[in-house]
Each structure stands twice: as C-alpha cells, then as structure tokens.
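What follows is a set of structures for review.
Look for subunit A in each of the two complexes below; its partner is subunit B in the first and subunit C in the second.
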Partner chain A sequence: MNKFLKQKKVGLIIVGVMILFVILGLVNPYPFDKMNNELILKGPSFAHLFGCDEFGRDLLKRTQMGMGISVLISFFSVAIGTIVGTTIGALCGYFSGILDDILMSIIDVLFAIPSILLALVFVTLFGSGTVQVIMALGIAIVPSFAKMMRAEFRKQRELEYVKMAKLIGVPTIRILFVHILPNVLETFVNCIFIAFNNCILAEAGLSFLGVGVQPPVASLGTLLSDAGGYLKSSAYLAILPGISMIILLFGIGLLSSGESFHNAYSKRFKN
Partner chain B sequence: MGKYIFKKLIFLIITLLVASFVIFLIFELVPGDPVLDKLGTRATPESIEALTIKWGLDKPFMVRYFRFVTGIFTLDFGTSYTYGMSVSSLLAEKLIINLFLSVLAIVIVTAVSIPLGIYVAKHSGGIVDKLFYPLNQVAMSVPPFILGMFITFIFGVILHLFRPGGYVSYKNDFWGFIYFLIFPAIALAIPKIAMCSRLLKSNILDESKKDYSLTAYARGNNTSGLLYKHVLKNAIMPTITFIGMIAADMIVSGIVIEQVFSIPGLGQLLVSSINTRDFPVVEAIVLMIALLIMVISFITDIIHGYLDPRVRV
Partner chain C sequence: MLTVKDLKIEFFDHELPEVAVEDVDFVLEDGDILGIVGESGSGKSMTAMAIAGLLNRKDLQKSGNIMLDDVDLLNSSRATLRSIQGKEIGIVFQDPLNSMNPVLRVGYQVEEAMRIRRKELNLCKEDMKKAAIETLASVGFDDPERIYRSYPHELSGGQRQRAQIAAALIMKPKLLICDEPTTALDVTVQKTIIDLLKKLNEETGTGILFISHDLGVVKALCKKVIVMRNGLVVEEGTVDEIFGNPKEEYTRQLIY
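On to the complex of A and B.
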C-alpha cells in the first residue's frame, strides 16, 4: 500500500508540473499561429526553446497549447463518459432484470468495437471538429465505465447498509449516489484516471489521423503528425512534443495507483 | 465441452447480428443522399435512377441489411462510392497487410513477454526486477504512434536499417515486405510486452503463494520444477486471454501505426473513406474489425474453457 501511496505522490507531482507547463503557455509571448518566414524549421535556441516548425511558428507555445487542448478535450469526454457510464452501471448493477439484460447486451456489443474505431465512425457521421471528438470519445468511454461500475454496485447491493437504507425508506437515487458511490470511490477514481489516460491517447490518435481538432488550432496529435514529414531534417519537431506527451501520460499512469490498464484487465480475469 | 462451445457460438451469432444491425442502422440514419453527392450538379433524373439501382439503394432497408450481413459469407459488401470497384476486392489487399503486421507483432509480444515475465518473477527482487518496474511504466505510457516515430528516427534515420516511408509491396518482394513490417510491429508490440510481462509476473507470484505450490515445494521440487511444472500452468491462463485481446487491439492500433510508417493498409483506406464519406467501405471495415474481435474473443474463450474446466460451468 505504501508503495502505491509514494507512487501516487510522484504521479501527482508530474501531472502538476505538466499542468504548470500548460498554464505557463498563457504567458508565452509568441502567438501560436503567427507564421514567420525567417524562422522556418529553426532548431531550439534561447529565444525559442523548442525551436520553430515548418511555418516558423514557436513550437514551445504550440506544444503548451496542444497539450492544453488535449487535456481539455479529454476532461470533457471523461466527464460525459463518467456521468453516463456510472448512471448506466449503477442502474444495471442495482436493479438487475430485463433492463440490465438489455443494456448490458448493448454495452457488450459496443465493447466489441474498439473506442478509436467508434470515435472514427462518429466523426464520419457528424464531421470532424472539437465538439464531435469530445462526444465521440465520451461515448467510447461509456461501455468500460458501465461494466466496471456495474460490478461494483452489484457487490455493494448485497451489503447490510444498503438493505438498512432501503428499509428505512431512503429514496433509491439517494441510495445509489449518496450511499453506495462513496463506498466504491476507489474503483471510481481509478476508472476516471484510466479513462483519462485512454482519452488523451485516443484524442492524439484521432488528430494524428487528421480527424480531430482542425487547424490552425493544434493538439499534440496534430503536432506529431505534422512533424512526421520532417524526421530526417528536424527530428526535434517530433521528439520534444512527443516526450512532453509521454511525461504527461506517465504521470497519469502513476496516479491510477499502479492500477493501470493491465491491473484493471488482470483483475477482470482473475475473478 | 461441446455444450460450452455451442453456448458461446450462439452468443457469438447474436452479438454479431446486433453489432451488424447497429453499424448498418447508424450509416442509414446519416443525412444526405450519396447518389446526389456523387453526381453533383450533373445529376439528371435518369442518371440518379441508374446509380440508385446500381448501388442497390432502391431496395427496402431490411433487404439491404440482409445483403450486408450475408456479405460476411459471400464476401460481397457492394460497390465503393468513390472507387467504383467492389469493396471486398479493395479490402482483400489491405487485410493481408494488416494480418501480417498483427501476426508479426503478436509473435514478438509472445516471444519476448513470456520469457521476460518468467525471468522477472523467478528473480524477483533482483536488479532486473528493480529496473523492470519503472521501465514497464514508461513503456506503457508511450503511445504506439510516438514509439513508431522514434523507431523511424532511430532505426531509419540514424542507423539506416530501413528506408522511412519506403514500403515494399508483398507482391514484389515478400521478404522485403516482412522486413519492413518488423519495425511497425515492434512499435505495436512494446506497450503490449510491458503489460503482458507484468501480468504474467504478478500472476506467477500470486500462484506461487498458494497452498498447492507449498505442497509441491514440500514434496521436494526445486524452484524451477515448481515454476515450470506447477505454477506456470495456472499463471499463464490470464496471459493467454490477454494475448487474445491484444490480437484484436493490434488491428486497431495498426490503423494509426500504418500512418506513421506510410503503409497502404486498412487504416489508410479507412481514413480516406471517412474523408470522402464512402460509406460501404467504412461499414465493411468496421464490421470486419468487429467480427475479427468477436471471433478472437470466441477462440480465447474456447481455449480458456479447454484449459480450465471450471470456466465451462
């Protein structure tokens, strides 16, 4: 347990530093979309710490902004996914029966379609853009969230305190979200971090494929996909934003208390 | 065992029907008429009618859905709106590339992660184990496409082991094609190796704490004997399921990785079809991937059931 606590602290520090990095971007004097012919593909220097991209735009500012956008998009998607997923999971876990069967079979089908594919289909239907990506990723989170929360609520349902609450006539909504939810907080928070991690990855993947946020606004994926063509001459274009992203993901990974993807998976297989 | 397979098969068919219906329905609800989109301003009533019949859009919904589902068996998914050729011939070529890429990546994952997991579990607490944990966490945090770019940079640009972007078609040079695919496969494999070996390690350590291990130890097995004869059989089970899940995931991660290495595979076709709103192609690809994932999870269920009779109940 102690090891996990220490790990969480390190994770918190890393994520904090990355957030600071994004916030510092607000005071970065260079505009993110100002093109400058003299600075095209200029390497890192003191004036431009991360160098400049193929249009002479300051890469540090673009990385800071891109990370900010990636984090914001993931934040909203996770919010949507959490609210919808938890509600479905709570209802299904608490009341089993026909509703549970129907919703769970739909969730199982959605579970069979990978989230990035789901998001791609969504973008095909509604066009590419920031709002669409948020919606798509939000929906893509729902199945795994609902599944995890359903299992937890089902376990809690059988416990004494829930039965007592029911007996003294506490409204169901209150039992679900005021009584049970705090007791499954650990899984809940872990789910959120895992979802956040997945979202940042998926968002970067989508904008890497060019269906995410649209230029001139850039997210981390856009920066990396733009850098792809310049690996030979100016590799820093890919390496610097890439490493920033890895550090962020590393921090979030630590935060989910060592309960990263693989633990969540292995937990599912062990029972 | 037969009953178990039958049950899983029924479940597979139901899931497949629901999934295909959902996929088909979603694309049916999209606003806009593909025929008008294609013909644009040159549209005449006759040409509209001709194209509608050619694409089979004049048939009622259920008939088209039936054709779509049976397309899995007849390999007929209609005509691509953009390319004007049959979707299955478009897909066949791309699927081969992705299949080789995924298989290669899975071979790498299995070949590296199982020995690594066993080694780290056996020497737990040693120097490799201490290095293993942080390295593992880093490897899991790196998105495959960034890994792909770094691999291109290190092996392609600096070491000149392959030519970045120089995809070799399997028709021209099969071994060159495999050689080129090794690099994207490594990019796909590294995060999975991290997950897989960690899963195996923690499972081995868990199993070795159980009573039967103690008994086997008391009977005079040494550490290796205990590990290979008793513990591994139980510990490797979740890893097998996990590799099955990875197999499905590989195809999807491959979509992005292809873009990094400019391999003309399923991903490029998917993205270009999304941009041109070429629905038959998108539908077919999504269905194919969903089908593949379902079949793989069916197979892993069966293997699981075969290895562990308790699952069958």
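On to the complex of A and C.
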C-alpha cells in the first residue's frame, strides 16, 4: 500500500518540476521566434542549453513554450470533455431508459472512431487552429468519460443514501452533483489524469501532422515534426523535447494510478 | 392523519403481473405509533415506500389512496411530493451504513433537508447549524458539536442510526417512517433507539410508522399493530389484542 503513496508522491514531484520548467520559460531571455543565422543548428552549449534549431532559435525556450501550449490546450480539452462527459454519464447512469439508450448509442458510435481521426475530420471541417484542436480533442474525450461515469453513477444510484436524499426532496441535479459525485471522486480524478495524458499525446500527434498550432508558435508536436529532417545531423532537436514530453507524461501517469488515490483518500478517513 | 385505503401495488417484471401489496387499509392518528410486522416479502417495506413516495417506477402499477391530511401521496405530482417529502415525512432506513453518504459530514447531511429549502425559509448558515445541533442533541448525543463535524464511518452503528433519525426529524415532520431501523443493531442498541423513538413521539407528537419483523421490538414500541403476509393484511389491532389473543393462525406462529 505504501508503495502506491510513494508513486503518487513521485508523480507529484515530476509534474511539479515540469510546471516549474514551463514557468521558468517565461523568464528565459531569448525570444522564441527570433531567427539568427549564426546559431543555425548549433548544439547544446551553456548559452543555449538545448541548442538551437534550423533557424537559429533557442530550443530551450521553444520547448518550454511548446510544453506550456500543449498543456494549456490539453487543459481546455479536458475541461470540455469532463464537463460534457460527466453530465452525459451522470444522466445516463442515473436515469436509465430511453435517454440512456439514445445517448449511449451516440457515445458508442463516437467510441468506434479513433480520436485522432475524429480530430482530423473536425479540423478538416472547421479549419486548423488552436480553438479547433481544443474542441476536437474535447469531443474525443467525451465517450470514455461518459462510459466511466455512467457505470459509477449506476452503481451509486442503488445505494440507500440516494434514496434518502430523494426522500427529503433534494432536486435531482443536486443529488447528482452534490451527493453522488463526491462518492465517485476516485474514478473521476483518475479519468481526468488519464484523459490529460491522452490529450497531450493526441495534441502532439495533431501538431506533428501540421493541423494543430500554427508556426511560429511551437507545441511539442511541431517541435518533433520540425526535428524530423535533422535526425541524423542534429538528433538533439528531437531527443530533448521528446524526453521532456516523456517525463511529463510519466509524471501524470503516476498520478493517475487508481490505487494511490484511493489509498490517500482512505488514509485521510482513518485519522 | 395518515389514511391508506385499498392500496394495491403490482409488478410487471414478467408477463403476468405480480401482486406485491393488495387491499391494505389502515389509519394512523396524530401522534400514534403504528407497527407493521410480517416476514420477508410480505409487502411491508413496499407499503412504506409507497407512503414515502419512492415508487415512481414504470414497471409497477399502483392503485388506491394514501392520504396525508388532505394530500393524496399516491396520485399527486412530483412537485407536490417534493414539497411534502422531507418536510412532512421523514424516513429512517435499515442499514445505517449505506443510508448516509460516506463522503459528506454528518452535520451537512442532517442539514440537507433544511438547506434545500433555505430560500423559502430564509435561513442563514448559522441558523441551520444551530438547528442541526439542536436536533442532534435531541436524539441523545452528548456532544452534538463533535458528531456534527464527523463523517459517518467515524460513528458506531447506533450513533449512525440516531444521526439518521436526526436528519429525518430536522424539519419536524408529522410522520416518521422507520423501515426496520433496529434490524442491523444489537439488542442493547435496539433498546436505546426504541426508547428514543418513544421519547420523540411523546415530546413532539410525531406519528411513527414502524416496520419490523421483530415482534419484540414492535411490542415494546407500538400501540397498534398490523400483521402482513404475502401482501395482504392478515390481522390488525392494538398490541394487547394481537399479542394477548391472536385470532389468526399466522399471527400465532409469528409470536411463538
């Protein structure tokens, strides 16, 4: 049991360090879009810790900024996905019947489409850009969120405290979000972390394909796709941003492991 | 105060309807304690749920009347029900562990019936807290402040049951429905709960509908008793009549 707590702690530390990394980017003196002919493809040095890219831009600044943008996009996507997904899941789980059937059929159809493909279709329809990517990823998150929440709400619905709440005349919305939601918090929080992880990856994927944020603004995906042409001569262009992304994903992944949160939660209750 | 007439509840799970409760008639006067006894599946809990207005499911059909003063609980709209539930009727369930929300503090849950009517009643936070603590004290807690701040799992079974009774009583309802409130408790705790219900009944004049399969408990608490079997009322009368001179064979079997 203790192992899980440690795992969560490590996750927190890693995520904290990555947040610090992004915040430090704000005080990084080099501009992210200033080209410099003398520094083209210069390797890592003390002046430029991550080296410089094919236009002589400081890669450290671009990585920090790119990660910030990736996280920001993921944050908004997850927010959209969470709100819509939880609402749908809560309604479906709590009221079964025709509403459940209809909404779940739609969700099942959404499930059948890979999220990157869905996002690509969305971007094709509405053009590429940050807002479109946020919307597309948000929609892609909804199905899994709705499914998880539906299962949890269905489980809770049968318990007597819900009956009790109904009996004292608590409005249904309040039962759903004030009485039941805190009880499924464990799944809820884990869902958020997992969705966040997937979102960062998917956003990187989309940017890699060139439909995400537009240059000169960078995100983790564009950094990797730009580095693709220089893998042989200047591998650090791909490796350094890549490693930063992996560390971030690893940290969030550690946070999202179910047992750890449950453990922390029950610990609090014991004392 | 509470009049149940020709109550009939049928299930439509399978092709043929299944009768859960049929021909149930009884009257509960103001401030009375009425016991319903019967074996498992005799329809006693169903009757209680119908009175509490918890039976709006599509797979069952209800007929008859349940009158609480002048409102027909069985056939009224959801909005009317909602205004009555919690305010005029309180309910206490069997399993005190499941019937309280595990992640909300006891005080919060006791206040809940009041909190959702906060605007109509024009109450501030302190008023609610004061009322909750008073109610907690009235159900026999020596340190209501501490109970107010605890989570349900920090209380014992008997304490939890009392906290639940407090939650049901905060709006000072006319009717308290107890659906096997003592079944999950041991004998000594059972006694404290029964004494508490008796005391509350005397002090506040709350009518109590007490459902149990435990005849000893019913004998100790109730004035009138209804015996149910297979959804039908087998016998009804005062406690002395039923226990002293049971007319039906089934009642006799239950007693001995």
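Here is the rule we go by: the second predicted complex is superposed on the first by the 257 of 271 C-alpha atoms of A that agree within 3 Å, B and C clash if a C-alpha of one lies under 4 Å from a C-alpha of the other, contacts with A are read in each partner's own complex, and residues count from 1 in each chain.
The rule is simple: a residue touches a chain if its C-beta (ideal position, glycine included) is under 8 Å from a C-beta of that chain, and two chains touch if they have at least 3 such contacts.
It should be emphasised that the depicted structure is a prediction, and the values quoted were computed from it without experimental measurement.
**Q** Under the stated touch criterion, which partner chain does A:Y161 make contact with: subunit B (first), subunit C (second), both, or neither?
**A** second
**Q** Please work out whether A:K232 is in contact with subunit B alone, subunit C alone, both, or neither, and reply first, second, both or neither.
**A** The answer is first: A:K232 touches subunit B but not subunit C.
**Q** With both complexes overlaid on chain A, does A:L49 touch subunit B (first), subunit C (second), both or neither?
**A** Touch status of A:L49: no partner.
**Q** Which holds for A:N183: it touches subunit B only (first), subunit C only (second), both, or neither?
**A** A:N183 contacts subunit C only, not subunit B.
**Q** So in the superposed three-chain picture, is A:D108 touching just subunit B, just subunit C, both, or none of them (first/second/both/neither)?
**A** Touch status of A:D108: first partner only.
**Q** Hey, is it subunit B or subunit C that touches more of subunit A?
**A** If we count touched residues of subunit A for both partners, the winner is B.
**Q** Counting only touches as set out at the top, which of subunit B and subunit C does A:V170 meet: first, second, both, neither?
**A** After superposing on A, A:V170 lies in contact with subunit C but is clear of subunit B.
**Q** I'd like to know which partner A:L120 touches here: subunit B for first, subunit C for second, both or neither.
**A** first
**Q** For subunit A, what residues appear in both contact lists, the one with subunit B and the one with subunit C?
**A** 269
**Q** For subunit A, which residues count as touching subunit B in their complex?
**A** The contact residues of subunit A facing subunit B are 105-106, 108-109, 112-114, 116-117, 120-121, 123-125, 201, 204-205, 208-211, 224-225, 227-228, 231-232, 235, 238-239, 242, 245-246, 249-250, 252-254, 260-262, 265-266, 269-270.
**Q** Considering only the defined contacts, which subunit B positions touch subunit A in the complex?
**A** Where subunit B meets subunit A, its residues are 14-15, 18-19, 22-23, 26-27, 30, 137-138, 140-143, 145-146, 149-150, 152-153, 156-157, 164, 194-196, 198-199, 202-203, 237-238, 241-242, 245, 248-249, 252, 255-256, 259-260, 267, 270-271, 274-275, 277, 279, 282, 286, 289-290, 293-294, 297.
**Q** Would you tell me which residues of subunit C are touching subunit A in their complex?
**A** Spelled out, the residues of subunit C in touch with subunit A are 52-54, 58, 81-87, 89-91, 93, 95, 98-104, 112-113, 116-117, 151, 153, 164, 167-168, 171.
**Q** Using the touch definition up top, name the residues of subunit A that touch subunit C in the complex.
**A** The contact residues of subunit A facing subunit C are 97, 159-161, 163-171, 174, 179, 182-183, 185, 269.
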